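The two complexes that follow have subunit A in common; it is paired with subunit B in the first and with subunit C in the second.
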Partner chain A sequence: MRPLTEEETKVMFEKLSKYIGENIKLLVDRPDGTYCFRLHQDRVYYMSEKILKLATNFSRDKLISVGTCFGKFTKTTKFRLHVTALDFLAPYAKFKVWVKPGAEQSFLYGNHVLKSGLGRITENTMQYQGVVVYSMADVPLGFGVAAKSTQECRRVDPMSIVVFHQADVGEFIRNEDTLT
Partner chain B sequence: MAASSVEELLAKAEQEEAEKLKSITVQKELDLDFDLGNLLACDKNRIETRDFREQKKEDFLRSLARDNTQLLINEIWKLPTERVEEVIVAKLPEPTTRLPREKPPLKPRPPTKWEQFAKLKGIQKKKKTNLVWDETAKEWKRRWGYKRANDDTKEWLIEVPETADPNEDQFAKRVKAKKERVAKNEFNRLKNIARAQKVKTPGVGLVPKAQQSRNELAKAVSVAKVSTASVGRFQDDLPKEKPPKNSGKRRKFDPLIGDFSSEKQKQLDLLKTMGSKKPRLDITKAVNQQMREEDKEEAAAKRRKGGGKRGRKGNMTGKGKAGKAGGGGKAGKAGGGGKRRGKPGKK
Partner chain C sequence: MGRKLDPTNKVKRGPGKKAKKQHGAEVELAKFITDGEAFYLVRFSDENSKWLKPTKGKRKLPEPESGDESEELWEDEDDEEVEEEQQLDDDDDDEMVDDYGTLGSEDEAGEDSDGDDLLPIEKAAKKEKKLKDSMDLESDEEEDDDEEEQKSNADVDEDGTIQTNAEDMDKFRLPTAEESEKEGVLSLDLKTVYQRIKDNIDVLCNFSSKREEGKDRVEYLALLRKDLCTYYSYNEFLVEKLMDLFPLSELVDFLEANEIHRPVTIRTNTLKARRRDLAQALINRGVNLDPLGKWTKVGLVIFDSSVPIGATPEYLAGHYMLQGASSFLPVMALSPQEGELVLDMSSAPGGKTTYIAQLMRNTGVIVANDANKERLKSVVGNIHRLGVTNTVVCNYDGRQFPKVMGGFDRVLLDAPCSGTGVIAKDPAVKTSKDEVDIQRSAHLQKELILSAIDSVNAASPTGGYLVYCTCSITVEENEWVVDYALKKRNVKLVPTGLDFGKEGFTSFKQFRFHPSLRLTRRFYPHSHNMDGFFVAKFKKFSNVIPSAAAGKGDEKTDVAEATEAADSDKASQTKADGSKQNAKTNGAPAKKSGNLKSAEKKDLKAGPKKAKIARMEVKTEKGTEVKKSFSGPKVSTANKGGSKFEKKQGKKTKPSMKNKNRTGKNKFKKMKPKWQKQNKK
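What follows is the complex of A and B.
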């Protein structure tokens, strides 16, 4: 385990800011305790300093996971956000997409969201903007990338994709083995 | 009559024989030199230039080649033959002609450091036996290699010497020492090769190149700076020279539990610089906002036309609300360029 270097922090923050914008500072600087990011085997974990101090008692090969895993750095140092970060993205999300009850299941199986399944979308969403996907009952289901801007969404036909799927809570069952 | 016919027959038979033999016998003034190992036949007979000019040249050459090849084949048939898979094969003798060299002869290579030293001191190479008696296994084992005698690595007990730290791992120490020796040997071997090939090797660090990249130049500067008697302590910096970042071999990471507040501060600063770099006015956003406002005005106009029955409240969806709030906020932020419809902006 080690703290992130400048470059790694920059790459990670850029990725996060696509979904939560400037609210990252609320993650970095929290009123209820000092939380930090640490890198362990190419995965970034977010934890309080208490947990961190406890985790130092484990050897590297025995330590599987600490706190919440936000994502991992790929071999080419790109940062990939995992669904386990959803709990921290959802409350701070800038652009949200609500999905109709019928299309929820489809999204949870890993499919993209079509216009026919789109309930609501925040105004002035740019194309390829990072969005958090909610059900109509405001339960966060996952996150993705807006395939069309809000303007275009209004005009496009019902069978076209409006949100590209990136992660959903169904992955907790599908990819149980690979999520840490 | 019979006698004459018999004579005729005999004569005919002889003639036929001669005909047959003619095809395989060749008359030459001088015999050819044969090197059957290389399947070579050398013809030393003179060629009459008159003959050459008389006949057609191609035909002359062809007949000459045929005759010589015939003689060669005759010689091959004289060799001992054997049958290999239904094919008659002749066993060729060793070649007698010496062929010239294919590659140039080897240049003598310069002696290695050890060879020079040995010559200087007069040390002779001592021939060593292949096998050595191993006391513990009570048999002859090879001197080095697989299952060698007195194998150092297989020892299960190493006494800790008096002068050593009791917590030190002696086995690991042995392995490490071996690795260092191997590395040193390899390094010296490469140096010997470089000396023989007259390849220039640097003392430390960089190989001189015509075009050097930025990183290489920076490294060269830092190496040059440190190459003084006092290891660069009293060297002035170049203008705008930054201290070397990774001067060690390994990357140095921050400690795991460092100062949390400084870490937090660094991250916040990073966020601030990232935020400031993003352009505050996004052209597409401004254009989209413009389009949205136009749509809204059109919708408002339609509604006014339609009558007062449908109140504005009913038509307001979540989109509209967020849009209004977003639109107002965005208009406030977009200071400077971009079209604005006379809304007061917050500065």
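What follows is the complex of A and C.
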């Protein structure tokens, strides 16, 4: 486990800022203690300093996970957000999409959100903006990228894609093995 | 999904899976039986005159047939022959042993004895009532009635039957040797076996009044054991264990409960949702649920559901966790406080870990350990799904633990076990376990509990507690392990804080445990409708490990004792282990008891409470007595065995973790500060 390098930090924060914008600050400077990001076996974990200290007790190969996993660096040094980061993206998300109850299941099986399943969408969402997907009951379901801007969404036909799927909570079951 | 077991309102059931299971097996068997053996199948021949004694000549051959057929009306035809056979045997026995109701007047006897024309069902009901009064149990009752009813329906068709059946029911007799021999060849009809179990238990419960002259209790028990094995398809070993564990009246309840699945229960994740909201959301999805019980505020029981309960959006969003009711208990007993440092020693799949986290409201730190890396994936998944952020997941052998990290405020040890409490979940346990498995897991549990205790920080201002639990119900894996821990470390049992469940045993067969074992709790499928479970809560009152040298000696003797028990039961593997242990202690067999006492006394000095001292002393004396009687002769045999043998065996057995641990533990205390410094650097 080690702190992230400059480069890694930059890549990761760029990615995060697509979803939560300048709210990243709130993740790092928290009133309830110091929190930090650590890299362990290519994965980035977010944890409080207290846990960090305790985690030093465990040897590298025996340590499986600390705090919350945010995502992983691919072999091409790009950063991939995991659905496990959803708990920290959802409260700070700038742009949101709500899906209708009928389309919930479809999204949770890894499909894109279609216009027909779109319940609500934040005003002024730009195309290719990172969005967090909610159910109509305000339960965060995952995140993705807006395929159309809010304006375009009004016009397109019902079967066209409005949000590209990136991660959804269904992965807790589907990809349990690859979460860590 | 699972059915709710409600003893007051039992679902009507037919002959059930069991009856079908053996369908046609008899016919198959008959094909294989050669002429020589087949004389059992040929019903009336002179060959059987050896065992079939001539009656007074009244009885005609076709007589019993009428009865049998009617009884078989709703059974498969395939069974008929065997069934008839069985019926016949019973009749034969009547002639031989029965002292009332001569054969000729069979019909009258049947009617007379019961006075007015009672249908079998009514008689059965009468008898059942008696049984109920005597046994004070209520489940299974209606089920029997149902069966009886069916029987009577069949019987009504032909009149002759009633009496023969009634006769059977009136008095239970042990089958003779020939019959039991025959059963070896032909499998019995399961319904008959079931009835025989019932009757047998009835007799055993009122042994003095209902026994047959000249028959021993042992014979009855042997038959019962055999029948239970047949009917519920257990192996003999496990049935024997269970028979020791439960009063006979409860035994069948327990076995029946193991055939039914426990209800599906879920736990609300209070980090993300409230129970009421969750219940509402699930009801909207077409789930039929109810609060689990008064004792928990987060549990819900699912009766049935139109959607898979493990894949609803609520589940995926982490609003609840699928978790057996029994898994709530150890965490409730642990009652972790906010800001504490807690260790969950064997955490997979994370149900208890996440419950701990939600009780701590995501503060403090939880170390979730498991020895199996594969199973840790589910822990990680569940932790993230439920939004738990204060957890470190690691993959150590639990026995290494105080070396890796110590000083926990609370430790939860959900020890690996033989799983005799969760037979409903995993029926393989019925046949796969034997004495060696139990001894082996008891041994592992003893190692684990010591390292768990050593990981606890007794000086913690809020904690210093250890909860030990297993999903097994054997005494060897529970009370014995707890008692062992009480002897070895400065811990005492404290109330678990669970206001239901049965008290742990303080004495069981040859074992005599510390009286405080009353504070432990046992849970059974038939009485609490949750998996069989055992929970014990310790408070550690001193970090001192009782006198290293003496303590070590003790440990070995105890382990030796453990394995000795296995020895007597043909276990070759453990034998090796045991003799090895013995060899070590052999050096000073005479000193053993002295050693023990001194160890205990040192214990006491360290311990703060005087009141306890008195009790402990009584216990030590008892303990040593037992030990003496145990180890006396065995040690000598081990000596005779000679060192050659021991060495050989010693090589075979893997270098035990325990030994490493033990030497390390003492060193560890000294070394720990150094290591920590290093780590910080």
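One rule holds for everything that comes next: the second predicted complex is superposed on the first by the 180 of 180 C-alpha atoms of A that agree within 3 Å, B and C clash if a C-alpha of one lies under 4 Å from a C-alpha of the other, contacts with A are read in each partner's own complex, and residues count from 1 in each chain.
Convention: a residue touches a chain if its C-beta (ideal position, glycine included) is under 8 Å from a C-beta of that chain, and two chains touch if they have at least 3 such contacts.
Every value quoted in this text rests on a predicted model; they were computed, and no experiment measured them.
*Asks:* In the superposed model on subunit A, is it clash or fit for subunit B and subunit C?
*Replies:* fit
*Asks:* To the nearest 10 degrees, give me the subunit B-subunit A-subunit C angle using C-alpha centres.
*Replies:* After superposition on chain A, the angle is 100 degrees.
*Asks:* So in the superposed three-chain picture, is A:T56 touching just subunit B, just subunit C, both, or none of them (first/second/both/neither)?
*Replies:* both
*Asks:* In the overlay, answer first, second, both or neither for which of subunit B and subunit C A:T34 touches.
*Replies:* Once the two structures are laid over each other on A, A:T34 reaches subunit B alone.
*Asks:* Looking at A:V156 after the superposition, I want to know if it touches subunit B, subunit C, both of them or none. Which is it: first, second, both, neither?
*Replies:* Touch status of A:V156: no partner.
*Asks:* Going by the contact rule set out at the top, does A:V145 touch subunit B (first), subunit C (second), both, or neither?
*Replies:* It touches nothing on subunit B or subunit C.
*Asks:* With the two structures laid over each other on chain A, which partner does A:K25 touch: subunit B (first), subunit C (second), both, or neither?
*Replies:* It touches subunit B, and subunit C stays clear.
*Asks:* Counting only touches as set out at the top, which of subunit B and subunit C does A:M1 meet: first, second, both, neither?
*Replies:* first
*Asks:* After lining up the shared chain so the two structures overlap, which partner does A:V11 touch, if you call subunit B first and subunit C second: first, second, both or neither?
*Replies:* neither
*Asks:* Report for A:R120: first if it touches subunit B alone, second if subunit C alone, otherwise both or neither.
*Replies:* Touch partner of A:R120: subunit B, not subunit C.
*Asks:* Can you report the least C-alpha distance between subunit B and subunit C in the superposed arrangement, rounded to whole Å?
*Replies:* 8
*Asks:* Shared contact residues on subunit A for subunit B and subunit C?
*Replies:* Of subunit A, residues 56 contact subunit B in one complex and subunit C in the other.
*Asks:* What does subunit A use to touch subunit B in their complex?
*Replies:* Going by the criterion above, the answer is residues 1-3, 5-6, 9-10, 13-14, 17, 22, 24-25, 28-29, 34, 36, 38, 49, 52-53, 56, 120-124, 126, 149-151.
*Asks:* Provide the residue numbers of subunit B that touch subunit A in the complex, in ascending order.
*Replies:* 253-258, 260-261, 263-264, 267-268, 270-271, 274-275, 282, 284-285, 288-289, 291-292, 317-319, 322-323, 326-327, 330
*Asks:* Would you mind writing out the residues of subunit C in touch with subunit A in their complex?
*Replies:* Spelled out, the residues of subunit C in touch with subunit A are 281, 310-311, 313-314, 316-319, 341, 365, 367, 373, 376-381, 383-385, 387, 389-396, 404-405, 679-680.
*Asks:* Over in the complex, which subunit A residues touch subunit C? Could you list them?
*Replies:* 46-48, 50-51, 54-58, 62-69, 84, 87, 104-105, 108, 135, 137, 139-141, 168-170, 172-173, 176-177, 179-180
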